[in-house]
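A, B and C label the chains in the order they appear, each numbered from 1.
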Amino acid sequence: MEAIVLQILNGLDKGSAYALIALGLTLIFGTLGVVNFAHGALFMIGAFCAVTLSKILTLSHVVIDATKKDFLGNPLKVEVPYIYDFVGENAGNVIIDWAVPLSILFAIPIMVLIGFIMERGLIKHFYKRPHADQILVTFGLAIVMQEVIKYFYGANPIPTPAPEAFKGSLDFGAMLGFEANSIIYPYWRLVYFSFAAVIIGGVFAFLQFTTFGMVVRAGMADRETVGLLGINIDKRFTIMFGLAAAVAGLAGVMYTPINSPNYHMGMDFLVLSFVVVVVGGMGSLSGAVLAGFLLGILESFASMTAVLETLPGINQIIIYLVAIIVLLTRPRGLMGKAGVMEE
Amino acid sequence: MGILEVQNVNKSFGGLKALTNVNLNVEEGMIHAIIGPNGAGKSTLLNCFVGRLIPDTGAVTFDGQSLLGKKPHEINQTGVSRVFQTPEIFSDLTVLENVMIPCFAKRDGAYSLNAINSVRNEKDILEKAEQMLVDVNMADKRDMVASSMSRGDKRRLEMAMCLSQDPKLLLLDEPTAGMARADTNNTIELLAEIQEKRHITMVVIEHDMHVVFSLAQKISVLAQGTVIVEDLPDKIKGHPKVQEAYLGGAH
Amino acid sequence: MFGLRKSDSALLLIVIALTVLAPFILNPFPENSVMAQFNAGYPDLMQRLVIFGIFAIGFNILFGLTGYLSFGHAAFLGVGSYAGVWMIKLLTLNVIPAIVVSVIVAGAFSLLVGWISLRRSGIYFSILTLAFAQMSYALAYSVLTPITGGETGLQPKVGDPRILDAALEEGVTPRANLFGMFMNDSYDMVVGGWIFTFNVGYYIAAICMVLAFYLSIRIFRSPFGLMLRAVKSNQQRLNYTGIESKPYTLAAFVISGMYAGLAGGLLVAMDTQAGAERMFWTASGEVVLMTILGGAGTLIGPVLGAGFIKYFENIVSKINANILETWFSFMPDGLSDVFVGIIYPFIGKGWHLTLGILFMLVVIFLPGGLVQGGQKIAGMFKNKKDGSDSATSSASAAPAE
């Protein structure tokens, strides 16, 4: 029983990332009809926003501390982050410690801007081209983005820790009445899951309760008719692209403490997220979210030792396997609508 | 016994009943028109003939065999060809290639792995396709890419593709939709000529009464998913039920 | 010639001439000149040029003709490679069983993958193939390590059974051969300052590529090829014309899988090793790029694309900052630094960046690839000479002609 709860919890954080990326993919696909292979790169760029901010915050200048000596007896050179000069040492340390959450503020404008530029500069010209062309050009773009990041940040993962306050783990087992320490769950993963839930809820509320969202949903259902009503759907779609980029970026920002970001993390997640979208049902937002969590949890169950002993390697392929089965038995996916991408 | 028989066909989409107990009997060699107001279920019915839709209940029999559950290509292989509302052709291929494909389908069946022989050595297919193009007055366009032709020519090409298979039954879904009067008249002539020369049974779905009454030898009127009248053209004109259906008395 | 029409025979002869003379064509610069770094006439690269040419020719039979975009074709190359190495380990160091079995195993695997994936079309098909390839990659890396060698890959060892061969002498490394000719044997021809290398492995691969190219011409011109193009053009019409498209697409899928297997087998014949990274999805993306860059649906396009990419990959990756500086040394200091700084990210390890940009540019501006670009340029010259002839030139620009 403990093991089951533990695996569900373990699956939640990866599932959250899948769900967030798949949500953005679906938004873009549903509204613009574009298959965006560069969406994983947006996730990765989001993660590197966090890396960048923590680098900026720790930018230092060298100060000679005459009171201390190094082992050669010379005055000790100490690197002092510039931020100390502005807000003092204590506040500076707090800010550096909280670099990752702070990056959210930093990442939103950057991601929205990147989204706008991408849509206006490139994607716009591909609305009427075949899906194969869309896949190919965004695939090319994804390579370019990750190579640019690799050029500036190198190929190695860059550890970007969570704030000190979230370092520990929560003893879920004790809370639920199991033995102490039977189910422990790092705080940050809990934060990530809650964060994802808030973002997902926010996107759904935005689409559900605002006029803007209503038009977008109408556009997802029947783009032509909405266009005929004289509503400028293109402008809204640009904004949707920006929104989807921001969602992917934020998913990336918050993921950095869980896995140190590297330049190819976007592609790793993208391939899986596409599978998630397909399983959930192309064009279905709730399907994408549901499938994201389901597959995340499933993957975590497949990684249990007991499972691996009977089916070695199953954790590596479970998501693909599920996707193949779903596509063959329910071609529209779990919650897909009729008429979306059916040929 | 008709060549195409439809018995008690029902089809609904979700809660919407598109066809209710449709019965239809198409006699061999005739041009049979199906008319009716928008939303009467004409296209749904046609789609049931070609395997695109499967009726919920009822039977569709062609030439003695049931068409239910057959895939489009299997139905075609029994001798049913279809002309679409907007011409469905192989727009990337040349006109000649467009006509050769149905010839291959007729000769080799639904599938044959003929991967080494050159198309140019298939003399019988080439001859047949070229003759077909001569028959429909398109011989001069044989090397054009199909997408570069006018709509009227595309329609003509599609017709040639269907005819090159010598079908027993030709289904036409609004063959003159969106055409100018002159093109419409050409199409009427073409169809009349085909019927005269080849004696192919045709089922025509049509809005244009001019076309219907110039061609049809029998007419079924469909309204709200059922056949309300099936009779000779002269009897259909001025039939009270038909007027009611078209003028909105049914509402 | 060989049952081909005139223009195709000409194309075939050009390809034969190019492959036979490649050691000369690819080594245009004297050995000690500054330009020698642009020479590509060494065995390893030449082998890869033609082997990836085969891979792309096969991929083009699927993607170019039917329009089904597979994102997992590297899996077949990888599976073929593993099968090839096992033949070398178990049977003999002669490459023929390795190549033949590679083709068969890749064909069987692609039959399985194709049978399932082709139930869907469009983007679903792409994702299914991608899923299969990623699955193969993950399995090769983990559970199947006893068969695949996992991270270290698979190589022949001195102690392998090789039941058809006589035992090797102590301390001799196993080398692949064809009836006693070793793949890495070469003959160097020295003419003045030039060195031209004729390599056994290269010519074996080149013969395979010429045969593969010839076969692809036959397929393109056959009724089967016509049906495949019809699938791409209008699958619905094809079904209503009495043709079942699935067996055609499946046959095309398996044929292209076997081409990938042939490429995998040849890679093994040349370097006697196989690793999971050959199946990674970037490898699948690369063959897509080769085909698009050259011109999908054209005969010669994939060969050009593969050659172009493998050549530039090699040359561009070799250039480093020092070489760049010597190039721009004629400029004033500050200016040369600027130029070096601009170009530096795109060379050496930045090859993938260049590749990505190239990919985008081709898809955006030249969807028909190099072949279309060439035709456009040829058309421009033609129109200058004879302005009234534009109709024929646009007809001849149609794909697959």
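In the analysis below, a residue touches a chain if its C-beta (ideal position, glycine included) is under 8 Å from a C-beta of that chain, and two chains touch if they have at least 3 such contacts.
The structure presented is a predicted model; accordingly, all values stated were derived computationally and were not measured.
Interchain contacts link the chains end to end along an open line, per the touch definition above. For subunit A, the chain with the farthest CA centroid is B. Chain closest to the overall centre, judged by the mean of its C-alpha atoms against the mean of all protein C-alpha atoms: C. Averaged Cα coordinates give subunit A a centre that lies 35 Å from the centre of subunit C. Averaging Cα coordinates per chain places subunit A and subunit B 52 Å apart.
Between subunit B and subunit C, the centres computed from C-alpha atoms are 46 Å apart.
Chain contact summary for the complex, subunit A toward subunit C: residues 35, 122, 125, 129-133, 135-137, 139-144, 147-148, 151, 267, 271, 274-275, 278, 282, 312-313, 316-317, 320-321, 323-324, 327-328, 331, 341, 343. Residues of subunit C that touch subunit B in their complex: 3-5, 218-219, 221-227, 229-230, 232-234, 236-244, 247-248, 251, 255, 395, 398-399.
By the touch criterion stated above, subunit B contacts subunit C in their complex at residues 50, 71-73, 76-77, 81-82, 88-93, 97, 100-102, 104-106, 108-120, 122, 125, 143-145, 161, 165. On the side of subunit C, the complex with subunit A involves touching residues 67, 69, 71, 116, 119-124, 126-128, 130-132, 134-135, 138-139, 141-144, 235, 281-282, 285, 288, 292, 345, 350, 352-353, 355-360, 363-364, 367.
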